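This is the structure, below, for whatever I ask next.
As written, the chain order gives the labels A, B, C, D and E, with residue 1 at the start of each chain.
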Amino acid sequence: MTVTYTAQVNTSRRISNFLRLLFRWRGSIYKLVWVDLVIYLILYILLALIYRLLMNESTQRIFEMIVYYCCKHGSMIPLAFVLGFYVTIVMNRWWEQYTCIPWPDTIAILISSYIMGFDDRARAMRRTVMRYVCLCQVIVFTMISPQVKKRFPTYTQIMEAGLLLESEKAIIEVLDTAFPHYPKHWMPIVWAASIVIRARRENKIRDDFAVKTIIDELNRFRGFCGFLLYYDWVSVPLVYTQVVTLAVYTFFVFSIIGQQWTINNECQVSNHVNQYFPFLTILQFFFFMGWLKVAESLINPFGEDDDDFELNWMIDRNLTTSYLIVDEMHQEHPELLKDQYWD
Amino acid sequence: MTVTYTAQVNTSRRISNFLRLLFRWRGSIYKLVWVDLVIYLILYILLALIYRLLMNESTQRIFEMIVYYCCKHGSMIPLAFVLGFYVTIVMNRWWEQYTCIPWPDTIAILISSYIMGFDDRARAMRRTVMRYVCLCQVIVFTMISPQVKKRFPTYTQIMEAGLLLESEKAIIEVLDTAFPHYPKHWMPIVWAASIVIRARRENKIRDDFAVKTIIDELNRFRGFCGFLLYYDWVSVPLVYTQVVTLAVYTFFVFSIIGQQWTINNECQVSNHVNQYFPFLTILQFFFFMGWLKVAESLINPFGEDDDDFELNWMIDRNLTTSYLIVDEMHQEHPELLKDQYWD
Amino acid sequence: MTVTYTAQVNTSRRISNFLRLLFRWRGSIYKLVWVDLVIYLILYILLALIYRLLMNESTQRIFEMIVYYCCKHGSMIPLAFVLGFYVTIVMNRWWEQYTCIPWPDTIAILISSYIMGFDDRARAMRRTVMRYVCLCQVIVFTMISPQVKKRFPTYTQIMEAGLLLESEKAIIEVLDTAFPHYPKHWMPIVWAASIVIRARRENKIRDDFAVKTIIDELNRFRGFCGFLLYYDWVSVPLVYTQVVTLAVYTFFVFSIIGQQWTINNECQVSNHVNQYFPFLTILQFFFFMGWLKVAESLINPFGEDDDDFELNWMIDRNLTTSYLIVDEMHQEHPELLKDQYWD
Amino acid sequence: MTVTYTAQVNTSRRISNFLRLLFRWRGSIYKLVWVDLVIYLILYILLALIYRLLMNESTQRIFEMIVYYCCKHGSMIPLAFVLGFYVTIVMNRWWEQYTCIPWPDTIAILISSYIMGFDDRARAMRRTVMRYVCLCQVIVFTMISPQVKKRFPTYTQIMEAGLLLESEKAIIEVLDTAFPHYPKHWMPIVWAASIVIRARRENKIRDDFAVKTIIDELNRFRGFCGFLLYYDWVSVPLVYTQVVTLAVYTFFVFSIIGQQWTINNECQVSNHVNQYFPFLTILQFFFFMGWLKVAESLINPFGEDDDDFELNWMIDRNLTTSYLIVDEMHQEHPELLKDQYWD
Amino acid sequence: MTVTYTAQVNTSRRISNFLRLLFRWRGSIYKLVWVDLVIYLILYILLALIYRLLMNESTQRIFEMIVYYCCKHGSMIPLAFVLGFYVTIVMNRWWEQYTCIPWPDTIAILISSYIMGFDDRARAMRRTVMRYVCLCQVIVFTMISPQVKKRFPTYTQIMEAGLLLESEKAIIEVLDTAFPHYPKHWMPIVWAASIVIRARRENKIRDDFAVKTIIDELNRFRGFCGFLLYYDWVSVPLVYTQVVTLAVYTFFVFSIIGQQWTINNECQVSNHVNQYFPFLTILQFFFFMGWLKVAESLINPFGEDDDDFELNWMIDRNLTTSYLIVDEMHQEHPELLKDQYWD
């Protein structure tokens, strides 16, 4: 489930707002960084012990030379720069993906408004169209999200959830065999469109205008689903991710060596502090690794991070709400009364 | 209420334009930063006193070493960089949220144009649709804004404000019990759509075309409301906010120590000035903390900052204007006269 | 009037293109910066004179210490960074505001195409709708632009300009008294919509379709006007502007002191040049102050800068063109002839 | 004509891709920079000769002092920063302008689809509407592009090109006299709309729906044309361009002096190389001047640079294609046959 | 085929996520950089050998001077800055190009919904329209993508693939001869529009509304195709690409020389490490060259890189799916049954 904290920062007048956010664990930087940090510290201490206990003097001289070299050159790659640009790109994509998730509410309101009649056939039409719309979304979600895939590993589970009927499953599976490499999420939308056309022919929809409106909206829904697939297929180019990852990890390899305390290290300031604990180094680690982790946790917003969107919740919500709008609430509204300001 | 100052900077010819803005208190940097600054200074002075009065010489030597270490390393985290990128992201979201607030004026004009008739039923239809539109907005606002929540803590207050009738409240509460985890802001819109369909059936709306136009607009309104919820659920990822906050506060912890005056501090220039008052340090504090506060006050534009949008004003304005357009001004216009340039 | 120079830079092949732009006065950096520069220089020289003539030796020592301190630390605030981000934000808003200004041409063409008839009543309808559209724009402009406010301080002047009739003024003023805090720019648009509906009822408009098209466009026009108000209400947050302004002016206070020539100033290079004239300092002043002035002159594009948009010209142009399209040119077009390539 | 090189960089696997682009002349950095470079070098050499040959020793001392001063301070203006932000802004505008150029193809297809009949009058209607659309574009192009202005300096040339008839020219010229300060590009569009309305009345267009579609598209076309004018009127603010230009040229004035070889220049490293040839300086010149030239050649994309868009080609193409679609191809299509996969 | 790795990074909790990405070859930085790296190393070693083995002492002194000069000045061009801005621009264009690729699904659903009848003529109409839509796309793809050009070098291959009939090929070729300089991708769309009009006349389409919807969508499709051509014609300006390429390669020429080990090189730290292997230099090479390669592989997303989009797959998918929707699935849908939640 997404980590929401807006309510905690609705005003910035008191001192503790952003500070308070530092004391959270779910979705926090600590949770993301601590494993890396532990490994980093183990390596650092190991190296320090080797230098102080196991090396003879000539090896120490060579080691000191390497330390000096790493210390001097560690900052020659503009880490802040490349991270700044990369994270901005990843965040933009992350938010665009959110805005691409289609909600079936619009279609539900249109269906409820335009497909008239309280008989079983009309009800079945309304419900089936909405079921197809939700089904289309679920098929797309199983392709892009491991959490949804876990819930619906095959069509059988989708059927059990009431989103798919036996006969429909059979049709999809036939086509899956015939064209295994093409996604099939558009099929329920095509069926839904056919039902709409049939409803018009059976005069359950009163005008051509309504048909156009509904079919346009179905197409828009399918278009957004296609876009979600797009984002999944075409990630941020691997090269860019590799360049950034290499830069960050290299920086820290250099820093594990370069921040070692050695006798007479002219590169470091204040050997005495470093001799006991590399405060600064740990801070830098937190900062740069945390920045990289921002990218890492945003690059797939439909994954299983704390921060990721709860698609399973959404699937249930969409089906429930859709049925509610097109069936229970179909053309119902509270009695028309004079309001308080009626003069 | 938003802090508006555009009128004061409409020309840049005179010298004092942006300078004049420095002498404002409401929504100003001073108001946002002063508490932090006072705490910062107290800590700084405390430390200075401890060093000068309470420490013996050997402790002073250790302290000086730590000061030197902090002074040298304080600037190794690229604060300006990370703040620049972060604030840009927060500001973009802030403005996008503004542009997502829907105004009911368009719907009001459509309703007034298309739902004909001066009888009570037609009037009730027009007024009720507009009331539902405003109600939808109010429900969303109570979810995202603490100032609106304060005004309308429960449905009872909304009812008292004349936006909700007893019968409607009952229906919503039944559904709230049945599906507690799903927001209900779309319900009034579904009702509004049903009323529109009924108006068409009773021939108060003359053509199918108008029905489509109104329902499309109702859907757009609901879509924007949904988007506002989106922005509330999915904040800027917590990790990013934590990274930035940590960076800024760490910088100032380092600077409280590193900017201390000590005898023979080779890191600092001009010990003599620092000995009396750390001008520079305070300036840096103002600058970086102010930049962070920009983000802090923008991250929730519907909160209670000076800068935040006055949603309560908007709720009143929307209801008043809506009733005005669909009722008092319904298909009224001044007499058609020849204008001044009629030849 | 906007300062246009695109025609002068249509090719970059010759050497003098951007260079030539340096020799312009209207809307130039010189015009914007010179007052600040003069004040800056006066302060600089004053301080230099005080140091050289009025100070005794011990005061000079203290002064030199302060100079050294300022010289060393003046560049510790990342001015370029914060200006780069801030100006980008301001420029984006500036351009978005331009693109929000609605033009009535589209409505004029629709009105001319769809409201048929050459009788006085049809003419009055066409002209009145266009007058209302222009009126809506003028009301908004008086709220956001001091130049338009100067031309139309009250409704009386708008009436004299032929945009408003006596009877209409009376209605608006009644509502202004009833609801003083809500803008009224949408009222003429509501009237215009009513006239369109009446035209349909009197069969001057032949189909419902045209009604929808015109009303949609009227709504779009009102929407854009509302957006202009939005930009006016919700400026770039005051805090951000203050942070940037403080940073720039602080930098120059530091530089007035820090760039002073003193004996044995180890911070400055080449004392000898500075002793006579602080070239560099003036250049930096031009550069950073100029960059800030870019923001200052763009933050309100409807003000009275050289660079600001000529809204008064636009008001006249819109009324003239509107009347031309809906009246003189109403359903007129040159005779249909065979063109040159007719085979 | 635009400089296209995408085909040369369709894969990045081989080593030579971007490198190969370095060996091009048309639209290249060399072509844009060489004049400036030559002047720069001449000034540089002149100064070097004066220093080495014409100065006596005391003048040389003063000169060396100035050189030292310029060398030390040359880099104090953050050139890379301001160029990075400025070029990004200019490039965004440049691309947006491209996307604003309207193509008449959509209108042509609509006209061909909806205005029925093969008689001369129907043909004349179809051809005339398209001619007006192209005419509107040409009038706008003459206002924004010197290359088009050169081809069509007055309406006479437009008439000769077959885009304007004698009678139409007369009407426009009358209005040009009456309202000299308002652009007239919208007039042909108003005429086109009138023709469409007439076609509907003569039943050449069968439904009101088609009328709306065509008129909407005509309005969209005019809207884009208006946007092109907008971009032309409202350039990147002169102040910003001046700030950037000043920064770059100042930098090079400083560098002409500061990079001079002098005896005992402690600012420069490796005097010996500089003594013979200032490699580095030339590289920096190429880099920064090239970056500035990117902006210079993009600021007016309709000018006469190598990189600029070939509007004259487009004018011819549009007229030809329009006539082709609405006349020769009017409601023609190849015979309907069974395709290869017909089962 | 695009390199997809989103599934591998769906959670960032474990340590190895981005790290794991480093061990991939397809589309990786190693694959893109290794040739350049080998050449770089060969040159580096060659120079080192020449210095150590072939030079006499006086030549060595000169060489050392040059090394010192290059070492000192190598970093004076702000590489990170210009790369950051350039890559951001290229990536934005890259993604925008993806979003411009039109999919025919929407048109297929509209055609299937609106063109009624199961007779051969209706079937032929539906299939032919879709064929024309796919044909338009293929023609555009052959113009922008070398991989598609390889598959369809002439119209003959397109004909063999069943996308073009003999008669249609003849028509296009006639026009290609008449107007060789204008692209012809819009022709099939014009034909498709004509077929739609004919279908309306033969009453296979029941209402004018549907005609409008289809023709609008055909126009939108053609518009997107035109946009793809746009992106191909108007690349990122050559000057910008040259500036960046020059900057990167110059940097490495400088670094080949400047990172050489020489006796008593005061510019380098820790000669001893460099004497054996220039670790740092190789890292910098990887980093900056990799960043440049990001741009290089994205500048033409329809080329033949590992990362590039598989247009040939898409062509097949589109034709298959289109026929499926408009023919096999034409107005078919699974039987309407009561769903699981039917109460």
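The rule we apply is simple: a contact is a pair of C-beta atoms (placed from the backbone, for glycine too) under 8 Å apart; a residue touches a chain by one contact, two chains touch by 3 or more.
Source: prediction; values computed, not measured.
Taken together, subunit C and subunit E share the touching chains D.
Path length between subunit B and subunit D in the touching-chain graph (shortest route): 2.
Fitting subunit D to subunit E on CA positions gives a rotation angle of 70°, reported to the nearest 5. Centroids built from CA atoms put subunit D at 24 Å from subunit C. Note: centroid distance subunit A to subunit C, computed from Cα atoms, is 39 Å. Each of residues 32, 81, 84, 88, 209, 293, 297 in subunit E touches at least two other chains.
Under the stated contact rule, the graph of chain-to-chain touches is a ring, a single cycle where every chain has exactly two partners. Around the ring, proceeding from subunit D in the sense that reaches subunit E first, the chains are ordered D, E, A, B, C. Residue ranges on subunit B touching subunit A, taken from their complex, read 31-32, 35-36, 39, 65-66, 68-69, 72-73, 76-78, 81-82, 84-85, 88-89, 120-121, 124-125, 127-128, 131, 144-146, 162, 165, 167-168, 171, 175, 179, 181-182, 186-187, 189-198, 208-209, 211-212, 215-216, 218-219, 222-223, 226-227, 230, 232-235, 237-243, 245-247, 249-250, 267, 292-293, 296-297, 299-300, 302-305, 308, 323. Across the interface of their complex, subunit C is touched by residues 2-7, 9-15, 17-19, 21-22, 24, 27-29, 32, 80-81, 84, 87-88, 91, 95, 98-99, 103, 105-106, 109-110, 112-113, 206-207, 209-210, 213, 269-270, 272-273, 279-280, 283-284, 286-287, 290-291, 293-294, 297-298, 307, 309, 313, 317, 320-321, 324-325, 329, 331-342 of subunit B.
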